[in-house]
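Below: a set of structures, written as structure tokens.
Here come two complexes built around subunit A, the first alongside subunit B, the second alongside subunit C.
Then we have the complex of A and B:
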């Protein structure tokens, strides 16, 4: 009986085995990369808003405190979106005739809220509360990045669970004194390791076990 | 030969059996694949049918998921009985006693008499209150009134009308209730801030404004009657120290 397979089939079989493993690994790697890509997480994607509002101008140039507009960040889950009246506190006079302000004026005139595009859209099976984070030493820029340099706001971080957990496991690496929460220029290197641990106990931050318990964020 | 034939048939039968399993397996995979692609990725958990803050609603005609309270509703514990604390005005204001006003050079309408405003802080003035007031002042007021209350804030430098300074005799002698009323309801070009600053914080800001006034006029402030203008010595009203209507 003649040989069914050519002699080269041995090599093909070996190469196939190796390549099978390599391809599977590559496929797995590609999947993890895709899952973390800004295509799926929305990271770094600037959102177009109904008003050409620039945080760079209002925060960076004018020095307005975050809480002037996001006034409930210290008391409620939502940081708070300003009512159109807050815009009109200044823009009743400043740039009042600018066409860029027309959507704001229309909103004020017709008593209809401006429909902003949500930039940070947490999945609704998660529980997130701004007030506890700012009360425990997590600064705005730790999660939101340097907003004072963002003409159009984008999502600075992935908002994936591994990102949340990185801080919930080791909060001392990310916290800052409560007086610096709204400081956009704060750098993590401003405190050394011991000061961070002291700050963690001063702020009464709970144990890693408590912070990484499922029901802390999924409730 | 016969044996040989039987063996071949047996082999074929076995092969046929394997084929059936293969086909079943293939059909199973195909079905799973079809179901998965037909259903797509479901996001019911991601977007749940409930309202979070500011979520759009298709149910209400104004499309707002966040609803205003029905008019006249009083949340438990937030009945605003203490008139001095919540309005900065005396208990029985005289409607005939209108505030006298003048016009200054820049077109601001200035109040010169304060008939119904209370003259004493309705809560104890402590260092904590003044510190809190400083923090709140630097968020909401500093943008126009400036760090010292001279009316030279960043928004004024950008072109907004210059507000009157706190550091003149008219406002040094104005009762605290006047400042509280202006924070709450606005005055002239300034909008009211009642929707962002809670009553207790408004009093904290008033206390800090008094501190600013003293800081810019130390010699005279120490000479005058400190029970009236000094932030550290206003007597608390007996027994009643509301903490403000926090949500």
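Then we have the complex of A and C:
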């Protein structure tokens, strides 16, 4: 009986068997990578704001403390966005005529808040509180990166749950003394492992079980 | 020991192929359904109806996804209802296929041969219908991947391995995979037969791809036999494990009426019971419509009836034990549950209907008259299928609707979308089955050939190995391979 398939069908069959497995594996790998890509997380993507405000200039060059504007970071869940009046403390005197500042002046004049674009957008089902993190030795730059080098602020980290848990499982790897919270140049290596463990007990950071309990973040 | 008495021998080993058949006539008769005969009119009617009913499923699923699972009737305290009832019912039906294909193969029961193909197909389609319910009851099945499967997800956590629900995911997905492989491997030689006999170019092509270049050489058969045995070995524990694990969904919890040690064996027996009922429901009309009485003989039906009776009695024992456990536990919650389920509660009728379907109706199978009647077997099988559905209804709804907190007691009644989805899966099941009957040999051609008197094939693989070597030796000597 005549062969229905050409001899090359043998190779096609073999290749398709191998490729089936390889493509499935590659597809699975691609999926896990895509899920962590900045395309989906927004990591490293600079957000354009209604005012050309530069953290690099205000924090890096001028040395203004974080808390001058984000004044409630030590006491409430939200770090707080400054009212236009805070800007005008200085800008009623300096650069008062700059066209760059027109949106700020307009806001002040009309008594309408500036509508900043939110950079770090936490999902509604998570409970996040700035004050507890600051109180337990988590510095600004641990999560937000070196803000003093960012002309336009971007999200330094993925904000995915695995990123949160990396610290909640081993906080001793990321904490710093409370005096260094607002230090943008702090490196994790500035304390050795033992000092950090001592710090953990000094700051009364709770156990891993408490920190990774569902209701710690999902209430 | 050789039995000389011819009559006794006939009784112990009845011929599983009737009529006068040889290799060619068996092949003709089975392959002609797919290749030669005109598709019968009743096929179009049956397929049409099933396909329309399957659209009900499509519509129900779209409606469910658009509106959320609030369209179903389940609500506190009956948080699980049709979704899990139907899941367990379908999964249970699949078990007969695996039992027939694996355990009966290992036990050398020849009568499995002509029913294993469509029983396995039934398993696959039943598992497909079953899998839909747990996926859809999550409400957002596209997210179910990370709820169900352990993979390095962006949350940095694994599913809860201590939960029987995750064991369920593993059990059912393994079951589906092994069943599919088993079915497909068994089909390869038959697909090759169809490829060789097909006249239509497209059929030749499709069956050619599906048969993976099978030529039926001694080497092919040798490998086939080994693979088939390995798969049978893998499937055998699955017959027991899958429904045991499904029963853990209930028995690992603390709900009175669920928390009982009898559950795993009782569920497995119930699954085989329901499965054989479904095999009978399918094979009684099938053998008649396609004139397969020579291969699926009267004797097959009788054997299946006996399996049904045996497993049914185990299930009835399970019901008795449930009552006994409740009383013997001396726990007021357990005692209350038993009373509530059987006579005090509002669902007492479902319990007694269940006892009628699964307990009383099968008693007829003790009598030869009923075992020999196709009509009665068909009727009893349908009653049993209803009964096995009711069993899950009774276990789930009567246990939940009176939970520990009297303030949350409530009644459960299914809504139209519960029913439409359930009926829709029945439509899907029969749609797939009709497609299977049309395009795949419904009976294993080559295995039925081995049942014929002129085929005494030895199954031991060492024999095959020797044969292969022998064949290759002669091949090497007489006919050196050409360049």
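Operating definition for what follows: the second predicted complex is superposed on the first by the 208 of 219 C-alpha atoms of A that agree within 3 Å, B and C clash if a C-alpha of one lies under 4 Å from a C-alpha of the other, contacts with A are read in each partner's own complex, and residues count from 1 in each chain.
Operating definition for what follows: contacts are C-beta pairs under 8 Å (C-beta built on N, C-alpha and C of every residue); 3 or more make two chains touch, one makes a residue touch a chain.
What you see is a predicted model; the values in this text were computed from it and never measured.
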Quiz item: Counting only touches as set out at the top, which of subunit B and subunit C does A:184 meet: first, second, both, neither?
Solution: neither
Self-check item: subunit B versus subunit C, judged by how many residues of subunit A each one touches
Solution: B
Exercise. Name the contact category of A:203: first (subunit B only), second (subunit C only), both, or neither.
Key: neither
Quiz item: Of the partners subunit B and subunit C, which touch A:135 in the superposed model: first, second, both, neither?
Solution: neither
Quiz item: Touch check for A:125: first (subunit B), second (subunit C), both, or neither?
Solution: first
Exercise. In the overlay, answer first, second, both or neither for which of subunit B and subunit C A:83 touches.
Key: first
Quiz item: Which holds for A:112: it touches subunit B only (first), subunit C only (second), both, or neither?
Solution: first
Self-check item: In the complex with subunit A, residue positions of subunit C that touch it
Solution: 151-157, 195-196, 204-205, 208, 212-213
Quiz item: Hey, which residues of subunit A end up touching subunit C in the complex?
Solution: 1, 4-5, 9-10, 13, 28, 32, 35-36, 158, 160-166
Quiz item: Okay, in this complex, where on subunit A does subunit B touch?
Solution: 62-65, 67-68, 71-72, 75-78, 80-81, 83, 85-86, 88-90, 92-94, 112-113, 115, 123-125
Self-check item: subunit B residues touching subunit A - in the complex, by the definition given at the top
Solution: 45-48, 50, 52-54, 56, 62, 64, 138-140, 143, 154-155, 158-161, 189-191, 195-196, 246-247
